[in-house]
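One structure, as C-alpha cells, below. Some questions next.
Order as written gives the chain letters A, B and C; numbering starts at 1 within each chain.
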Amino acid sequence: MATPIFEVDNLRAHYLTRFGQRIQAVDGVSFSLKPGEILGIAGESGCGKTTLVSACMGLYIPPLHLSSGDVRVEGKSIIGMNIEAHRKSVLGRQVAMIPQGALNSLNPTRKVKQLATDMILSHDENADKKAIHSRLRERFQKLGMSAEDVLNAYPVQLPAGIKQRVVIGISTLLDPRVVIADEPTSALDVSTQKSVIRLLFELMDQGIIGSMLFITHELPLLRHVSNNIAVMYAGEFVEVGTIEQVIFDPRMPYTKALMGSMLSAEAGHRGDKPVSIEGAPPNLAYPITGCRFAERCPVARPDCKQNEQVIRTVAARQVRCQYAE
Amino acid sequence: MKLLKNLLRSPSFVLGMGLFLLTLLFALFGSLLTRVDVNTRVGLAYMPPSSEHWLGTDHMGMDMISLLVAGLRSSLYVGFLAGTVATFVGTLIGLYGGYKGGFVDDVLTVGTNLFLVIPSLIVLILLSASIENGRSLTLIALIIGCTTWTWSARAVRAQASSLRGRDHVALARINGYGTVGIVLMHIMPYLLSYIFMVFILQMATGILSEASISMLGLGPYDSISLGKILNEAKTNEALTDGAWWAFAPAMVLITVIVFALYIINTSLEGVFNPRLRK
Amino acid sequence: MLKNYPTLKHILGRAGWYFVTFLVAITINFFLPRLGDANPVDTMMARVSGGLDSASAKEKEEAYLKEFNLIEVDDTGKVQRDAQGKPVRTSLPKQFLNYLGMSMRGDLGTSILQHPKRVSEIIRAALPWTLALQLPTIVFGWLLGNVLGALAAYKRGVFDRVMYPLALLASAIPAFCFGMLLVYVLGIRLEWFPAVGGYDEGLTPEVSWAFFSSASYYYVLPFLSVFLIVVGGQAIGMRSMCIYELGTDYVKYAKLLGVRESRILFYMFRNAMLPQLTGLALALGTMVGGALITEMIFSYPGLGMAVLTAIQGNDYPLITGCTLLVTICVLVANFGVDIAVGFLDPRIRAAQRTGK
C-alpha cells in the first residue's frame, strides 16, 4: 500500500483562555490521506473545524496548544519542530491552506506579484527575482488568469472570482503535498464555486497539489468535491465514510439529524421539510462523559451519557455511536 | 443595564469615571472646604500653604483653594457647553452630509476640511482678540464650540455614510419617510453611543481650548478659570518665585480632567466596539 | 494632456484645493479682528496723543490713518477729502482688496507696539525660531512615537504595560502644562536648564558657534515639552492601529503561508502608517498651536511670543500677520503630508491610474 501522504494520529488540541479555562476544541481526530485523495470534513460552526485546520498544519499559536497526537506528512512528523524550521519547511511547502474569506486575505497595499514573491522569498531567501517572476507568470497563466495584469494589480482592483484564484495560486506556489481548503467557497456565488472547485481538481490532476482536505459546513457541496467525507461534532469525528454512505444512508443519529435539517433539491426529496436540531453543542470547557450528542439525540438511551463512545465499523463505514447500525 | 455592567467591568472606565466624578465633587462642594469668599483678600501675596489656607494665596493674596474651585467650575462649564455645541453642530453636519451623499456631501466635506486644516487656535485667537469687552464664559464657550466642531463632523459623517446603505434605511426611503425622519429614526439610534463618545472628546477639547486661550490672556474677563489662574501665575512670576501652589494645582486639575475624559473615551470604545477587546 | 500624468494631476488638484483654503483663511484673517470696534489708529492715538494740541493731534491721526490704509489717497499721496474736509474713509471691501494685494507682496503692515517696525520684519526674525522648534519636534516626535507604538503592539508584555499608561498620560497633558512643569522642575528648582528665553541675554543672534551652542542649550526644555507629548499621542494611536492590523485576515493568511516574521511586521507597519500619516495632517493644527503656547511659556523668541506680546498690546497688525503666517505654515505642511500619503498609499495610486 502506498505510504499515506498525510496522516493525522489521534490529534488533540486545546485553547487556554485568559481565565485559565481549558477548551478541548479537537479531541482525538485521526485520518489519513493517500496521494490524490480528497477528504471532505463537514460540521456545524463551533464543531472544531477551524481549530483542526491550525492543528493539522502544526501551527500552535497561543492560546492554541497541542495536547497530544501526531501529524505526519509523507511519513515525517511536522509536530514539535522549532518554529523557524516549521515555518520554512512545513508551512506553504508541505501543508498549505486556502483560507475562508479570500477577499480579505490579500494585503491591500501590496501588489499580487509582491505578495507572491514575499511568500517564495520567505522559504528560499536566495531565489533569483527574475526566476521567481517568470515562474509566477507561468503558474498564474496555468491557473487561467492573464498573468501580467493580475500580477501587477492591487487586490482592490480584482473581481472576487479572480481574487479567489489568486489566493489558490499563492497558496499552492510551492506545490504543497497537502492542501487544506477552509470553506473556500462560502462567500461565492454558485457558478464561481463551481469554477473554483474545478480549478482545485485541475491542480490535483497536474500534481501541483498532493492531496486535499476540504472543509465546509455545506454538505451538498461535498458531493461534487470528495469521495470520502467525515462529519465532525464537538471536536470529534462522528461518522466517516463515502458520500453515498454518509449523505444518503447516515447511520449516526447526528448525521441523520444533520441531513434532515437541510433543504434538498434532489428529486424525490424536494417536498421534505427541514427539521432543525434542538439545543446547542456542548461547552468544551468542561469534561464530557459519554456521547457528546446525547443531550440532543432523538434516540438517545440512558447509558449513552455514561459510556465512552468509540469509533466502530457499521455498514462499511466508521461511526461513533454505540447503538448505531 | 447590561451595558453599565460591562462598563463597570472595565478598569479604565472605573478609573476615568472615578477621577472625573471626584473633580466634579470638588467643583460642586469644594467651597465647603474653605470658609472664605473668593474675592476677599485674606493675606499677603503668594503665601505658602498653611493650616489656614491649604494651598496658600495667589498674587493678590486671595485664597488659592477658593480660586481653584471657582476656576474649576468655570472650566467645566466651558468644557460642557463648548462640547455640547461642537458635538451638536458637528453631528448635524456629519449626519446630513453622510446620509445625503452626493453633491451635498461633497460640499459639506470640503467645508469641513477647510475648517479642519485652518488651526482652530488661530481662529480662536482672532475671534477673542476682536471681542475686547464682553468676553464672558458663555461667549468663549460658544466660540470654542463653533471652532472645534470639525472633528466630530468628520467622525459622524463617516459613520452615517456607512449606515446609509443599510437595508432598513432603503426600506424607510421606499416607504416615503423624509430625510429628517430617516436620520432621526433609522440612523441616529445606531450612532448614539458613538455620538456620546464624540461628546466626551469634544468636552476635553473644550476644556483644553479654554485653558489655552486663557493662557494667552484672551480668557474671560469677569471670571476665573483654570487657564486664567495659570496665566496669572506666569505673568506674576510665580514660576520664578517658586510659588508652586499658584500653578501646580491648576495644572494637575486640568491634566486630571482631560486624562479622565480620554480614559473614559478609550474604555467606551472598548465596550462599544468589541473587536478591540483583546 | 494631463491625463497622461495622473500623479501630476493629483498634485495639482490638491494644490488647487489648498489655494482655495488659503483664500478662505486669509479672508477669515482679515475680517475676524475687524468684527469688534478695535481700531489700530485709536490705539496708537491713545498712546501718543498726550500733550498734543488738537491740530497736531489731528495731523498725527491722519498720518496714521494714511499709514494703515484706512483713508483714501490719490496718486500723488494727498489725502482725499469729502465736503467737510474730513478724510474719506476707505470702505471695508476696498480695505480687504488692499490687504490681499499687500499680503501677496509680502507687506503685512506696520506694527503698533513696535512702531515703526514693519510686521514682516518682526515675523522674519521670529519665524526661524519657531520653525527650528516645530519641525524637529513634530517630525521626530511622530517617527519615534510611531515606532514605539508599533513595538508595543507587537511585543506586548511588559513593554506594552509600561509604555501604554505613560503614553496615555503624556498625550493627555496639555502642552503648556507640561511646559510649565518642566520649567519649574528642571529650570527653576533643579536649574539644569534655563527657564526663559532663546539664548543668553548678552548675545545677539548671529551665525557663530557661541551663539549656536547657547541657543541649543535654551532649546532643550521647549523641545522636550512638545516632543514628549507628540511621542505619547502618536504611540497610543499607532499601537491601536498595529493591534488592529495584526488581527486582520491578511496577516493571518501570511502567517499560514509561512511568510517571514520580519515581512509581516513590515506589512503591519506600512499599513498602520497610512492612517497615522492622515492623522498627522489632522493633528498638525493642534500640534502647532501647542508649540506656540510653549513658546510663550518659555519666552522663546518665536512667532508664539510675538503673538503673545501682540495680544497683550492690542497690536492688531502683528496679530493678524502672525496668525496668517502660522496658517500658511500649517497649510503647507498639510499639503506636504497629503502628497506623501498619495505616494505611499498604493490604493490611491491605483485609483489614479484607473482614472478613479
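For the reader, a short list of remarks on this structure follows.
Just so it is clear, a residue touches a chain if its C-beta (ideal position, glycine included) is under 8 Å from a C-beta of that chain, and two chains touch if they have at least 3 such contacts.
All values reported here derive from a predicted model rather than from experimental measurement.
The touch graph of the protein chains shown is a line. Set side by side, B-C and A-C show the greater C-beta contact count at B-C. Chain B has its Cα centroid 53 Å from the Cα centroid of chain A. Inter-chain centre distance (chain B to chain C, centres taken as mean C-alpha positions): 22 Å.
Centroids built from CA atoms put chain C at 57 Å from chain A. Contact residues on chain A toward chain C in their complex (touch as defined above): 57, 59, 61, 87-88, 90-93, 96-97, 99, 101, 104-111, 118-119, 121-123, 153-154, 156-157, 167, 170-171. Chain C contributes residues 17-18, 20-21, 24-25, 28-29, 32-38, 168-169, 171-174, 176-177, 180-181, 183-184, 188-189, 195-196, 240, 243-244, 247, 281-282, 284-286, 288-290, 292-293, 296-297, 307-308, 311-312, 314, 316, 319-320, 323, 326-327, 330-331, 334 to its touches with chain B in the complex. Of all residues in chain B, those touching chain C in their complex are 110, 113-114, 116-123, 125-127, 129-132, 151, 208, 211-212, 215-218, 230, 234, 239-240, 242, 244, 247-248, 251, 254-255, 258-259, 262-263, 266, 275-276, 278.
Interface of chain C with chain A (complex): residues 248-250, 252-260, 263, 267, 270-271, 274, 345-347, 350, 354.
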